[in-house]
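One structure below.
Letters are used for the chains, namely A, B, C and D, taken in the order the chains are written, and counting of residues starts over at 1 for each.
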Amino acid sequence: MPEITYREAVRDCLAEAMRSDPDVFLMGEDIAEMGGSMGVTHGLVDEFGKERVRNTPISEAAIAGAGVGAAIQGMRPVVEIMYQDFITLSMEQIVLQAAKHRYMSGGQIKVPLTVRTQGGAGWSPGAQHAEQLEGWLCHVPGLKVAFPSTPEDARGLLWSSIYDDNTVVFFEHRTLYPIKAEVSDTLEPIEFGKARVHREGSDVTIVAIGRLVHVALRVAEQAAEEGISVEIVDPRTLLPLDEDSIVNSVMKTNRCVVTHEAVTRMGFGAEIAAIVQEKAFDYLDAPIERVGSRFTPIPFAPVMEEYVIPHEEDLMAAVKRTVARG
Amino acid sequence: MKLEEATRLSGETLLSFLEEMLLIRRFEEKVEERFRAGDLSGFLHVALGQEAVAVGVCRTLETDDVIASTHRAHHHCLAKGMTANALMAELYGKVEGCSGGYGGSMHLYDLANGNLGANAVVGGGLPGIVGAALAFKMRRQPRVAVAFFGDGATNTGSFHESLNLGQLWTVPAVFVCENNHYAESTPSRDHMPIADLTRRAEAFGMRSIVVDGQDVEAVHAAATEAVAHARAGNGPVFLLANTYRLTGHYVGDPQVYRPKGEQRDLRATQDPIPRLRELLGVDEDSWSALETKVAATVEASVEFAKNGTDRLPEDALLNVYA
Amino acid sequence: MPEITYREAVRDCLAEAMRSDPDVFLMGEDIAEMGGSMGVTHGLVDEFGKERVRNTPISEAAIAGAGVGAAIQGMRPVVEIMYQDFITLSMEQIVLQAAKHRYMSGGQIKVPLTVRTQGGAGWSPGAQHAEQLEGWLCHVPGLKVAFPSTPEDARGLLWSSIYDDNTVVFFEHRTLYPIKAEVSDTLEPIEFGKARVHREGSDVTIVAIGRLVHVALRVAEQAAEEGISVEIVDPRTLLPLDEDSIVNSVMKTNRCVVTHEAVTRMGFGAEIAAIVQEKAFDYLDAPIERVGSRFTPIPFAPVMEEYVIPHEEDLMAAVKRTVARG
Amino acid sequence: MKLEEATRLSGETLLSFLEEMLLIRRFEEKVEERFRAGDLSGFLHVALGQEAVAVGVCRTLETDDVIASTHRAHHHCLAKGMTANALMAELYGKVEGCSGGYGGSMHLYDLANGNLGANAVVGGGLPGIVGAALAFKMRRQPRVAVAFFGDGATNTGSFHESLNLGQLWTVPAVFVCENNHYAESTPSRDHMPIADLTRRAEAFGMRSIVVDGQDVEAVHAAATEAVAHARAGNGPVFLLANTYRLTGHYVGDPQVYRPKGEQRDLRATQDPIPRLRELLGVDEDSWSALETKVAATVEASVEFAKNGTDRLPEDALLNVYA
C-alpha cells in the first residue's frame, strides 16, 4: 500500500475526479499556478488547464455562489475558501442558498457543491487565519460537513463529497497536510455518517476530530502505559453524524471525553456531549469532558498560541479526571 | 436605444404581451385582495407597474435559458412560463404549488421552465447566475442566464462580486436591474450616491443598455440585444430598466414614506398597460374580452389553490437532503 | 408600573439613550420614516433626525462595519440587521473585526457596538427570514450575546448593551414584539450574565430563551395542574452565561429540559446540556432533554412550519419524559 | 495631476521622505532575513517597492487622522508614526510589540498614532474606515480616515459597500488603492476585467486621483489634494497609486507565477528609492550616512525585540473583553 500525505490525498482525489468526469472543476483564489496557499492544488492546472482550475478574484461570496449556480446545472464544482475564517464572507451563499435551495423548491433542485476550506492554529497565523468554525455549519439543515483526519479519510471523503448531491463543507487542517500514512491502492469512497474507530479500548472513549485525532492517539499510548485503555472514535463527518458508533462506544467504556481545536464553548463537542448524555445516560460513570481551545481569539505570540489550543497534556488530564471518577 | 426594424414585433405578438401583462396585473391585485382577506400568510411583494420588464425580458428567452428572481417575483415567474395555478397554489402553501408549499412567495421555483427561484435575500441570486452561466459556457451550451434584481440590490457586495466575476469570465449572463427608484421605503437618492446606474456596470467594463421599463416593446428589443450579446459569447450585459412600483413595497405597506400624490401620479403616467393598449389601439370590446379571459385565469387559480392538497405536517421533514 | 410592549421597550431604550447621549445613534435599512420592517424604530427619526437615525443602503457588511469603525472612535452605534438571516452577510465584520480588534491590538481598542437583529418563525416568512442563529455568535470569543424575552429585559439589556464596551449582538424575536408586560417606572439597566428565574419549582428546570420562555410559562401552568413543579430559568444573556443559576437550579430539581426555537442540532441547548451534565452530573436523575426546531429549514406552509418549530406539546412531553425517569 | 507650486516640497522634507523610505526598505529586508533565519513565525508580507505610497500618503496626515491597513502593513505603520522597535518587537511576539504580541504582522495597531490596525482580511478594514469617518463628521471634528488596500481588494463586496456608503454619506475618507498589479499570485488581468481602476470609483460618483506610486513627491501632492477634499467636507476620494511589489507576496514565496525577469526588471526601473535619491542628487557620502543611520535603527529594533519581554502563556486570557 502506498504512503501519501494528507495534502497529496486531497490533490489525488481532485485529480482523479477531474480525470474521469468533465463536470468536476475547481475555483478558488490562487489555486492555479501557485497551487493554492497551502500547495494542495499544486500541478493541477498543468494537467487540467485554466478552464477547470480557475483562479478567482478575492470574492468569497461570488466564489461560493458561482459554485452553487454551476452545481444546480449539474456540474460538480469544488470551490476553495483559502482560510475557513473567510467563510464568514460566504455564509449567506452557503447557508441561505446552497443549504436551502432544495428544500425551498420542494425538492426540485440539487446543489452538489463541495466547499473545501482549511485552517488551524499552531503556526502563529494570528486571529484571522486560524479559527475552527466547523460547529457553525453543523447547525444548518441541508448541509453536510466533513472533517477528515487522515490521508485515507481525506481522499475517500472528498470523493464522496464531490459525488454527494448535497452541498458539503469539507474542512482540512493546516497542520495535517504534511502527515503521511498508508492508503489503499485505489481510491475508495467513504460513506458519510460512518465513524472510524482508530483504537479500541475499554476505560474511556475519546471522540476526536481533525488534528485532535492524532493528539488522542498519542494520549492513548501514554494512557496505556499507565494502565488506562482508551477507545478513539473519529466521526469523520460531523453532519451526518454517526451517533450510534459514539454512543455504543460510551456504553462500553462508560466514560467520554470529546476534543477538537475549536473553542469549547458552542463547539462541536457540546453537541457530542448533549447527545451522549441523552442516549447513554444510564451508562455514564463520569461527566463528559470537553477539551478544546480556551475562549479567546487565537493569539499571535507562539507561547500564548500554544497555551490557547489543546494539547496532549490537556487531553490526558481530562482522561485521567474522567477515569478517576466513580 | 435604436430599434432595428428586424426586432420590431408584430401586433399579434404585442397583443400577447398585453395579455400577459394584464394577467400579471390582475394576478397581483388578486394576491393583494386575498392577503387582505386573510387567505394568505407570510410576506408578499407584488410587482404592480413592473409587468413590462418581466414580460419584455422573458419573452426573449428560451425555455432552457434560466432566470433568478427576487423577493418581488410573481411577474418573473408568470413571464417565464409558470402557470397562475402553480403560483397561486404556492401562495396558499399547497402541494400543487410551484415549490410544493415549501417555498412561499419569496421562494418560487420552476426548474422545468428555467426558473431557478425567487430569492428572499436581496442580491442573493446573482452569484448563482454567474455559476449557471459559467456551466453553460464550460459545456458549450448556447444558453443564457438572467438575474433580475432591484436598484437597492446594486448596493450589495454580492452584486459587485457577481458582475465582476461574470465579466472577468465573460459568461453568458444578463443582469437585469429593475430600477423602481425605491428600496422598501428608501428612495434611490437616499441609498445610492449616483443617479445613473450604468456607471456601476462600467466598474467591470461591462456593456450596459438602458431602457424605459414601462415600454414593453423597448424592453423586448433591449433584452433581445442583451441576450444575443451574451449568447454569442461576448460576455454579460447590464440591462437597466427604469420602472415604477405602483403600490407599496409589501402588501399592507402604508407607504408613509411616499410623497403625497406620487403613487397616484405614477399610476396616471407610468402604467405600462394602458400605454401598450393605446399603442395597439385595443378597443373596448377587445379589452373586455381580454379582461374576462384574464380574470377567468386568475379566478381559476384561486379555485385551484383553494382546492389544492394541504401538506401534511410531517412533510416538513422531506426534501432537506437529496 | 406602566405596561409596555416588547417593541416599545426596545424603542424606549433607544430613545432614552439617544436623548441623554449624543454618541448614541442608529443605522439600518429603512429604520427612519418607515420605522424598520417591524416598526421598532417608529417615530425616532422625528425626534432625532436623519443624522442619528440613518437609513442605509442594503449593505449588511458595511452597516456592521461602519458600526465597528464608529464604535472604535468612541461612539455607541446601534445598528440593525433587518432579519438575523442577513447577519450571514455581516459575519466577517462581526466575527473577524468587532469581536477581535480588542484582542489583536493587545487591549488598545474598544468596540462598543450593539448589533440589533430579529427573526423567528410562526408567521410563514419562509426559510430565509426565520432562522435563529444566536448559537453561532456564542462560539465567538470577544462577543457578547443577549436574547431578552420580556419588555423589562429587552429595555434593561439593550441599555446595558449600548453601554457595554464590547460588541453585543442583541436578538429580538419577531413574535414577541406585541407582547405586553409591566416594566419599572424608570429604565433599569440589567447586568449581563444574570439569569432570571421566571418561576420557582422543584421537579424539573426548564432553561428557556426568547419566545420559548413564554411557552415554558404556559407549560409550567399545565404541569402544575398535573402535579409537576417546574422551575424556569431564562439566561437572558447567552454570552456571558449565568452558569451558576442554571446549575444550581438543576442541583435542586435534578432534572433539566432546555428549549429554544433554533434547530436542536448545534443549538444553544447543546451548550447548556454539556455544561449541566458536567457541573451537575451527580445530581441528574434524568438525561437533559433538548426541545428545539426539527432539523429542517423553516418551511413556508403554515401547517409544516408549525410542525417544525417547538410548541407547548413538545416541551410538555419532554418535561413528562424527564420527570418520569428515576 | 498638476503639481501646484504651493504643494512643492522642500529638499529637506524630501530628504526626510527618503530616509523614511529607506528605513522601511531596510526594515523589510531585515524581516525577510530574520524570517529565513527562523526568528519569526507566522505569515509575513513585506512592502518592498511600495514605500513611496505609504510615506507620501501618511506624511499628509495629522496624528489624529486615522488609517486602516492590510496584511501588507509594515510600511503604513512606520509611516504613520510607529517606531521600528514597537513593530519589530511585535513580529517577535513581545510585550513591547505594538499589539503586545497578540497581533503579529497582520494585526499591527497603534491607536495613539491613529493606526486602527493592519488587517488579515482583504477588504476587512474598509467598512470600519467609513464608520470612523462618519464619527468624525457627526462630531464635527476636522479629521480624516484613510483606508489602504490593494488591487485585489477591489474585487471584494466590502470594497463596494464601503465606497458606496462613504460617498452616500460624504464622509471624510480617502481610499488609497495600492495597485501593485498582483493579488498573491494572480496578475490583475486575471482577477479583474478592467485595466483602469478609477472606473470603480465612478460606480459611486466618487472623485478619483491617479498617481505614480513610485514617485513620492507626486504621491504626496495627490494625497494632499485628496485629504484636503475629504477634510473640507466634500466627501471621499479614491486615490489610485500605481506601484510594484519588488518581491514575493509573502516572505518565502517562490513566485513560480512571475514571468522570468519581471522582478529584476521592475527592481531596475521601478524602485522609488533610487529615483528619489537621484532627484535629490544625494551623493555617496550622504547616502552612506543615511544607510548607516537607518541600519542602526533597524539593528536596534532587532536588539530591542530580542531583548523584549516574553509573554506568559496565560496572558492569552487577557484582553478578550474590555
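Note that a contact is a pair of C-beta atoms (placed from the backbone, for glycine too) under 8 Å apart; a residue touches a chain by one contact, two chains touch by 3 or more.
For clarity, every value in this text was computed on a predicted model and none was experimentally measured.
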Furthest chain, CA centroid comparison against subunit D: B
CA centroid of subunit A to CA centroid of subunit B, Å: 40
Centre-to-centre distance between subunit C and subunit A (centres being mean Cα positions), rounded to whole Å: 30
Inter-centroid spacing, subunit D versus subunit B (mean Cα positions, whole Å): 45
In subunit B, residues with contacts to at least two other chains: 99, 101-103, 107, 119, 121, 124, 155-158, 161, 164, 168, 190-192, 320
Two or more partner chains touched - positions in subunit A: 56-57, 59, 61-62, 85-86, 89, 92, 96, 103-104, 126-128, 141-142, 295-297, 299-300
Overall pattern in which the protein chains touch one another (line/ring/star/complete/other): complete
Complex contacts: residues of subunit D adjacent to subunit C: 97-103, 107, 109-111, 116-117, 119, 121, 124, 126-136, 138-139, 145, 157-158, 161-162, 164-165, 168-169, 318-322
Complex contact set, residues of subunit D against subunit B: 155-161, 164, 167-168, 190-194, 199-200, 202-206
Subunit A partner contacts - residues on subunit C that touch it in the complex: 85-86, 88-89, 91-92, 95-96, 99-100, 103-104, 126-128, 133, 135-136, 138-139, 141-142, 239, 262-263, 265-271, 273-274, 277-279, 281, 284, 286-290, 295-297, 299-300
Residues of subunit B touching subunit C in the complex: 41-43, 90, 93-94, 99, 101-107, 119-124, 152-153, 155-157, 183-186, 190-192, 256-257, 310-317, 320
Contact footprint of subunit D on subunit A as seen in their complex: 29-30, 32-34, 37, 55-62, 85-86, 89, 123-129, 294-297, 299-308
